[in-house]
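Look for chain A in each of the two complexes below; its partner is chain B in the first and chain C in the second.
And then the complex of A and B:
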């Protein structure tokens, strides 16, 4: 039996250095961005496909903007930007969560857990990396499309609004997919869930305004939070900065983020306790 | 020595998964008292509960019963203090293949709270220690299995832990890499580090461990010094090769000296109850009966015999 004698640490090891949560979280964020950048095969699709969709849409749907119900825009490109950003971030955030699942699979996650780093720091580090990448993606799409006739009515303020929205969305989707990674511990499962996100994107107003939709498609798009998010971002582009645009662009992903962070922390606790 | 000051203590440690009829008792009441400065070998077949025990002792898994103390701290209520004092190298060298050795060591230094000024130096020293200085700036994905294990070991040493857990550190390594890792483990141990080592290789336990425990179906079935455990298995086995035609007579004669034991094709095996001194009598008896002895081999009980007797299995890499 364990004796009641006060337990003294065995060796007079150096007094445990104070671990700085901020330094740890920062180092883990840097690592998650580094490892993303070192896998071009994962990064490139999340940057290229949305541009491809936007380009395809702009060349094919150039006359669609004359349809009744279509907002007044100079070019379909202005309309398509918000959808492209959301699409890119759905891609990019899934990549980050897949990397977490890979860490769990190959055991690196255990190495992190066996160190005195804080539990949340490990997850927040991952998320912070994903958020930085989301902000970068947003800026990247804006900068690449500007020479092709993109006009942002919201100006610099609008771009900042888009970046904030994109960053929070990256957090929300990253946390949601990380919860998936923590629950299943399988990178295949995370990648397998990705089409669900894509369905959510297609059943939204990402590519066409809700005003042009009817029937079940229209109903689904009305209910889909992605519609409201995309429309908020789009208003920043085609109408300018307004309270209602900002509210939708930021509150929708904000609420999603709160829910998915709660789910992923729960999943983390479960993994630590019961796995 | 008071038990609470031992580097590793487990008291009825238990981990069950599931419940009701589906309950899996992965670890079912393990007691361990590991002495300071000891290398303790934890042996068992796959799925016997070795890794589950290590995961509990390293705070990665909560026990469902019993208690454990590592480096003087409770593994559940003082998990953070345990983590600060232990080094852990888990199965399969868990390392991110996209990072370089140097980057991983520096990340590890951050996680263990070293000030930034020390990261570079610390990483450099550890790379040198495990002979990876030249490969430090290469991505781990390009490393060989042996190099990954050495890096894994270096990572677990960043904070000079007093207690080191190595979960199957040499599984899958070639013999040369294995020997070089053994040397490193011995060196660490000479510097005073207590090591708990799980292994599937009996030779590894025999080479390194002062004491071993054999776990099977979640329960420790043998515990002690390898030499004592071997002696417990009992008498040495004598293998005799004789003509096919005289097998029957020879078998009868051998049975007088002890119990007949399984033997390789073409030879006969007997456990000598009186020990090695009986060999000359065996030879004389056979000679008197006119049987020519082709080959004679006396084998002391090995750890493999201990293991086989305790678990009913023979492990990979066993001598016989």
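And then the complex of A and C:
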């Protein structure tokens, strides 16, 4: 007995077009941002604490701006904004890398590797999410502090410069902490590395100018790239947009990003080789 | 069949309070060596904070009227109190871990008096606080800190640190018993952090402006920090500078330890 349905031809049908690299990376970026939005308890500290410290500093150090070595500013808040942005991005970027480590711990990272997605897209997607969050944090801090007397001499151009700088910094720190996640595969280890970033922040000119520091503290702050980054961002706020300010605000995190992405991709290759 | 050895009668008496408390304190102290990762942050952070703040905010001593000419003298007591507070709150963290693993249920099944479940950890917190204070002072001396009123002034720092550790223990235990999970840890840290920083932690009251000055003026922790700093500032130690801190320590410790005891009772009843 023959079936009334005609047999399908044995010639292979055309496979559906492969998802492009950009689409894959975009999908992973969206996932990264959604995971931040769905866990506000992880995100809120990176928005609240820098603002708290800025408010605390503004009230505590209002008379310190008259000290020799302090740049001419209307209030300590203008001086503190750049430090608050960098502090917030350090917090926020660690959160993204911790999520990557959690993916490794719970096996989701292996499932992504087993899928036909590009290897670098997995990492780039995570970093893109962090970059978007870095830009958002910068704008958030500016908008929240404006009603409290913040003055940005650079105007809209200065704010855009700050956002670009914040975005690149988020990429640099995100890549560095992602490398830590890939090397250790442990969210606890990523969290444990956070104090190192905190130390880098404190031994810089994020909270007080280098000119007011002495001895070993001054030397450490001079050598610390965070100092130069913060000072570039700060100049956009207290002096206005200039080539020198933009160069420091963008080139310093840019160089850090190139180095940390290289470390991160190397860590990814190592993990792929091991798995 | 009888053995040659006499069978020891089961001791049905309740475990004496002191023995139970000392046993629990010993367990907590032994954990310092067995789980150093849980204790080390409470030592490293205050040391780092004292040094980093002293270096970063070095210039504030140039503000006319600043009560010391060494920034480390100003920030060392603050770092010490942070460390002592986290030594107390750390007891709350370990209690949460015991509650989550079920070990605390076994402790509650022992004949140890309930009060010992508070006083034991309190003893451990005080020992930890003394350790932290000693380490921070030694490192601080290496970085240029100089006590201005001899051993008596340093003793006041130990008193303030012990007080902060006691109130931190009560707060940590109380919240651990209420929440029974890591949500309590976040609340413990956040509240302690806020209470410490909404004071004259960074600059003296007369230098501050605006909302922080108002908040610090009514925050009892300001009195505790003032007590801790007396031995490191140029101003003379007077009863007027001391009593506020001593009362704040006594009152807040009593309140938080009572909160811990009440929360423990609720935990046992549930």
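Brief remarks follow.
In this section, the second predicted complex is superposed on the first by the 259 of 275 C-alpha atoms of A that agree within 3 Å, B and C clash if a C-alpha of one lies under 4 Å from a C-alpha of the other, contacts with A are read in each partner's own complex, and residues count from 1 in each chain.
The criterion applied here is as follows: a contact is a pair of C-beta atoms (placed from the backbone, for glycine too) under 8 Å apart; a residue touches a chain by one contact, two chains touch by 3 or more.
What you see is a predicted model; the values in this text were computed from it and never measured.
Residue contacts after overlaying the shared chain place A:34 against chain B, while chain C stays out of touching range. Applying the stated contact rule after C-alpha superposition, one finds that A:214 touches chain C and leaves chain B untouched. In the superposition on chain A, contact is made by A:106 with chain B only, not with chain C. Counted by residues of chain A touched, the larger count belongs to B, out of chain B and chain C.
Chain A uses no single residue to touch chain B in one structure and chain C in the other. The part of chain C that touches chain A in the complex is made up of residues 44-45, 48, 52-53, 55-60, 62-63, 186, 197, 202-203, 207-213. Within the complex formed with chain C, the chain A residues making contact are 41, 52, 55-64, 67-69, 195, 199, 202-203, 207-208, 212-217, 220.
Partner chain A is touched in their complex by these residues of chain B: 2-7, 9, 11, 36, 58-62, 67, 69, 71-74, 80-81, 83-86, 88, 90-92, 94-99, 103, 107-108, 110-116, 139, 155, 159-163, 192, 194. Looking at the complex, you find that chain A touches chain B at residues 1-3, 5-11, 13-14, 16-20, 23-24, 27-28, 31, 34-35, 38-39, 103, 106-117, 272-275.
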